[in-house]
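Below are two complexes that have chain A in common, paired first with chain B and then with chain C.
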Partner chain A sequence: MTLLRASIAILLPALLLVVGGTAAGAILTVRMSLHAPGAGAGLFEPGSVSLSSWASMGDAHHRGIVLTTILTGLGVSLLSTAIGALLAMLAAPFAGLRFMGVMVLILAPRLSGVLASLFGLQRLLPRGWIGSLIAETWLLVPYSTLILVIALRGIDPHLVPAARGLGASRWQVLRWIIWPLSLPAVALTLQLGWVWGFGAFLGPLFLGGPDQSTLAVEIHHEAFDLGRWPRAAAEGVVLMVLTASAMAAGSWRPRP
Partner chain B sequence: MTNPIIARLSGWFVLILLQIPLVMTFWASFSADSLLTLPTTRWSMRWYVDFINEPQWSRAAFRSLIAACVAAGIAVPLATAAAWSLREWPQRFRYYVLGLLLMPATVSGVALGLGLLQVAYAVGLAGQWPCLIGAHTLLGFPVALLVVRMGFTPSLQELEAAAAGLGAKSSVVAWRITLPLLWPWLVASAVAVFVISLNDAVVAVFVCGPDTETLPVVAWRQLRHSAGPMVAVAGTITMMASLGMMGVTTAGLWFLRFRKQSAGGSL
Partner chain C sequence: MPVDGLRLEEISFHFDTAPTLAGVSLKVPAGAFVSILGPSGCGKTTLVKIVAGYLKPLAGRVLLHGTDITNAPPGKRNTGMVFQNLALFPHMSARGNVAFGLEARGLPSSEIRQRVEAMLDQVGLKPDERNRQPGNLSGGQQQRVALGRALVIQPSLLMLDEPLSNLDSHLRDQMRGLIRQVQRDTGVTTMMVTHDPEEAMAMSDLIAVMNQGTIVEVGTGRDLYQRPRSAFVARFLGLANIVDGSVIGHRPGSSLLVRPECLVINGEGVPFAGIGKVINSEFFGADVLVTVALGNIQMLVRGRPNIMPQPGTEVRVSAMPGTIHELPADGES
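Up next is the complex of A and B:
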């Protein structure tokens, strides 16, 4: 019991950081969405209570944005998982320095700076939904690959030679050994891709057209370009609900 | 594991595609022209000289470096304490607590930035250093926790139990057993937080004030209007700093492992 108390005590600073930063931020975002926009320098009118920021959430403009956000999330999830699987199959068989070298190349888009990546992507991709989808996928692929590489390297190394020894072709090994054993990791990658894809921001901001705004881009636009912070907060709440729903949907498993 | 040849070829093709934007940025940073056109044939270091001479850019780079070091310095001890604590929690609560601690990684950067800005206003720290450091610590914490947790292996727990069984105090076990075995993971998690902080533009846009603008924020503002060679220079410097930090750390860890093996160390 003393050990448990001690462990709770040393966990407190981390809990304070996470709850103070994330949960308190979420609560304050809900609160700000219920204020009237600030007339002066403030983010909102202190002491005011207003639903004006929520009034427009159901209009055609916002429905379109939510639809783009969902489609982007699904597209990013599927593409990053498929590309991640290809790269994971490439990297997993290597060992030692070769493995590290391939992994550095796979993780390079994230490790070497989003700015460097975006700068290059802006020159390579067309503006529009496809461009923003590819850019966002490009930024997410390193994470997807990492999850899948860990799963593939966790497969019992004796299974594949055993199957090959029994006469299975490479495709049969892939279909009947590797695919079923890596399925939980594929499901996790799809779920995380979906959740992160809902928050797509950099791709749509720098490569998307005006009609391909996602919720994250719209929040930034409302807050920094138009100064309508309560409306940005309302959109932030919608984004958080959408992300939480995606998490919950992805975590649901039918009862055996 | 042997994969079909078509899968391997596709994998190599995608891997090469992944590098192209980075190569283009690197290439563009040495362009001699003010207006960016690729491919360029005139090479110059003028934009790197300008980067160093222009206080807006050089100060932002210095701030980024400070923020990344401090965030790593805070996030790693917090993550280590949390990972140690999680071992002692009953199984049925452990995953709920872990889920709670990993929450910042599942929230969109924009939603997180929006929330953090209001927390900063509520405590009167908007646009100040503690706000930026706190935000980057929060961003890096989930990754640091996952990395450090990988170091708490069953064999480490067995060694700790053996030492405790032989009468070692918990402080001695922590100092002589846990930390020496854990420190490569601590270094790896510090590097991860450093890289995350150095590269963050999304949350920083919300929490930075005029005196705390980091390099990605300054580059971000430029990138939104016109992507000139200075943005390519900023991207290349960030890329080099991240890769350099990782390279030095990896080489250091390999060297120490090699020296320990040469000296006959078993761990």
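Up next is the complex of A and C:
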């Protein structure tokens, strides 16, 4: 019990910060979305209550943005997991300095700085949804790879020789041993991928076309270019609901 | 000429510069149970990995029932292996683990079901334990699954890499009997790696003692224990009194071996040998181990637990007739 209490005491400030910070942010965003837009330079009309910002959420423009956001989330999730899995399978068998070397190469996109990477990608890739999808995947792949490498290296190294010795082919080993044992990590990278992809901002900003805006880019545009904070907040609430739904769907497991 | 079950010809291997195996040769008759016995780092696990196909020898050949399998991949050798940590697939049930090798071979599901159940019966895993994953099985039950998984494919050679090292002594005795029984029932040629001489002697038809990458002696447990050809083997297989000397009429410069249980303290009807002083007595339940100083030589004597001479007392120590063995002069290692 003493250990449990000590653990709770250590974790409590972090828990309060995360829960409190998230809840406060969410409440403020919802509140902001219910204000009337401000006239002139004002961000919103203090004391006002209005659903005008919400009225536009169902129009064709916003439906397109939500669809692009969802497709980006799913695309980033699938691509980063698939590429991460391939890189993890390449890196996992190495040991010592070789492993460190391979991991430095895999983590290079994060080591070189986000903006430097994106400026580079801007020169290489066409502008549009595909470009922004590749850019976001490029940014996420190091994290997905790390998770999957850790999962693969956590598998008992005797299992593959045991399976091979029993006559299993490489494909059977992958399907019957590696895949099921790394499934929790694959589920985690998929979830990370779509949460990351739904919030995609830099990739669409640098490489996205004018008609392939995501919710995060649109929020930035409404708030900072047009000064319509209640509308940006309404879009923020839509993004929150979308992300929370995706996380809930990703956490669902069928009853055994 | 009968074909050997397993035949190793001049197997050599090294990891870095120092040789791990230096020209190891061994013949194991078909259906025999051989133990590779040796201290840690002597190369015994490397040898079993070469036989299983997980390592390729730098020189030499591995023949299984007359077929050269030196370059065959592990899955094409038709060998079964029980790993030291068992290496059971943690996400599969006991049944799934045992069925694995048969499924990999693409056998019909009805045949797989029948063979798996028969094998689980043979290794003594109860029906209500068969759908459990390894994490929900005890050490002994896991051992049974590992043995069943290795045997269900009807291997030409069964390999056991220190299979009992993680079990407590009671369970070890049980599993020792089970492994031997199943091996006799199936008649499979078996190679076990162990560092435990008692385990090797209790289970094996033949023991190959290894040291520093070579096989130093091969024989039955009884021969190696009672009539070893070197002091190393004598000491590795059990407590030994080795003193300089030779049998009258033999070449001088050799040593004499007498096991502690072949010496008697104050025995009647046994030829007199010498009087010494007790230095230490240790009680082990079934017997006592007494250290006696005979002049400047210390001798270990294993006796009955009801006779436990106190340190400082004078005792008469004698050897039972025919129990002194002369070690060859060039047998020291």
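Just so we're on the same page, the second predicted complex is superposed on the first by the 234 of 256 C-alpha atoms of A that agree within 3 Å, B and C clash if a C-alpha of one lies under 4 Å from a C-alpha of the other, contacts with A are read in each partner's own complex, and residues count from 1 in each chain.
FYI, a residue touches a chain if its C-beta (ideal position, glycine included) is under 8 Å from a C-beta of that chain, and two chains touch if they have at least 3 such contacts.
Just so you know, these numbers come straight off a predicted model, no measurement behind them.
Asker: Under the stated touch criterion, name the partner, chain B or chain C, that contacts more residues in chain A.
Answerer: Result: the larger residue contact count on chain A belongs to B.
Asker: Would you check which partner chain A:Ala185 touches, where first means chain B only, second means chain C only, and both and neither mean what they say?
Answerer: It touches nothing on chain B or chain C.
Asker: On the A-aligned overlay, A:Gly21 touches which partner chain: chain B = first, chain C = second, or both, or neither?
Answerer: Only chain B; A:Gly21 stays clear of chain C.
Asker: So, A:Ile219: does it touch chain B (first), chain C (second), both, or neither?
Answerer: It touches chain B, and chain C stays clear.
Asker: Which partner chains sit in contact with A:Asp156 here, chain B, chain C, both or neither? Use first/second/both/neither.
Answerer: second
Asker: If you stack the two complexes on chain A, which partner ends up touching A:Gly165: first (chain B), second (chain C), both, or neither?
Answerer: Second partner only, chain C.
Asker: Just checking: does A:Leu34 make contact with chain B only, chain C only, both, or neither of them? Give me first, second, both or neither.
Answerer: Neither chain B nor chain C is touched by A:Leu34.
Asker: A:Ile83 contacts which: chain B (first), chain C (second), both, neither?
Answerer: The answer is first: A:Ile83 touches chain B but not chain C.
Asker: Do any residues of chain A touch both chain B and chain C, and if so, which are they?
Answerer: Shared contact residues on chain A: 164.
Asker: What residues of chain C sit close enough to touch chain A in their complex?
Answerer: 52-54, 73-77, 79-81, 83, 85, 87, 89-91, 100-101, 103-105, 149, 153
Asker: Quick one: which bits of chain A touch chain C in the complex? Just the residue numbers, please.
Answerer: Spelled out, the residues of chain A in touch with chain C are 156, 158-159, 161-169, 172, 176-177, 180-181.
Asker: Okay, in this complex, where on chain A does chain B touch?
Answerer: Its residues touching chain B are 3-4, 6-8, 10-11, 13-15, 17-26, 28-29, 31-32, 43, 83, 86-87, 89-93, 100, 102, 104-106, 108-124, 138, 141, 152, 155, 157, 160, 164, 170-171, 173-174, 178, 195-196, 198-199, 201-202, 205-206, 216, 219-220, 223-224, 232-233, 236, 239-240, 243, 247.
Asker: Residue numbers of chain B touching chain A in their complex, please.
Answerer: Spelled out, the residues of chain B in touch with chain A are 1-4, 7-8, 10-12, 14-15, 18-26, 28, 38, 78-79, 81-82, 84-89, 97, 100-101, 103-104, 106-112, 114-119, 121-122, 134-135, 137-138, 141, 145, 195, 198-199, 201-202, 205, 216, 219-220, 223-224, 227, 231-232, 234-236, 238-239, 242-243, 246, 250.
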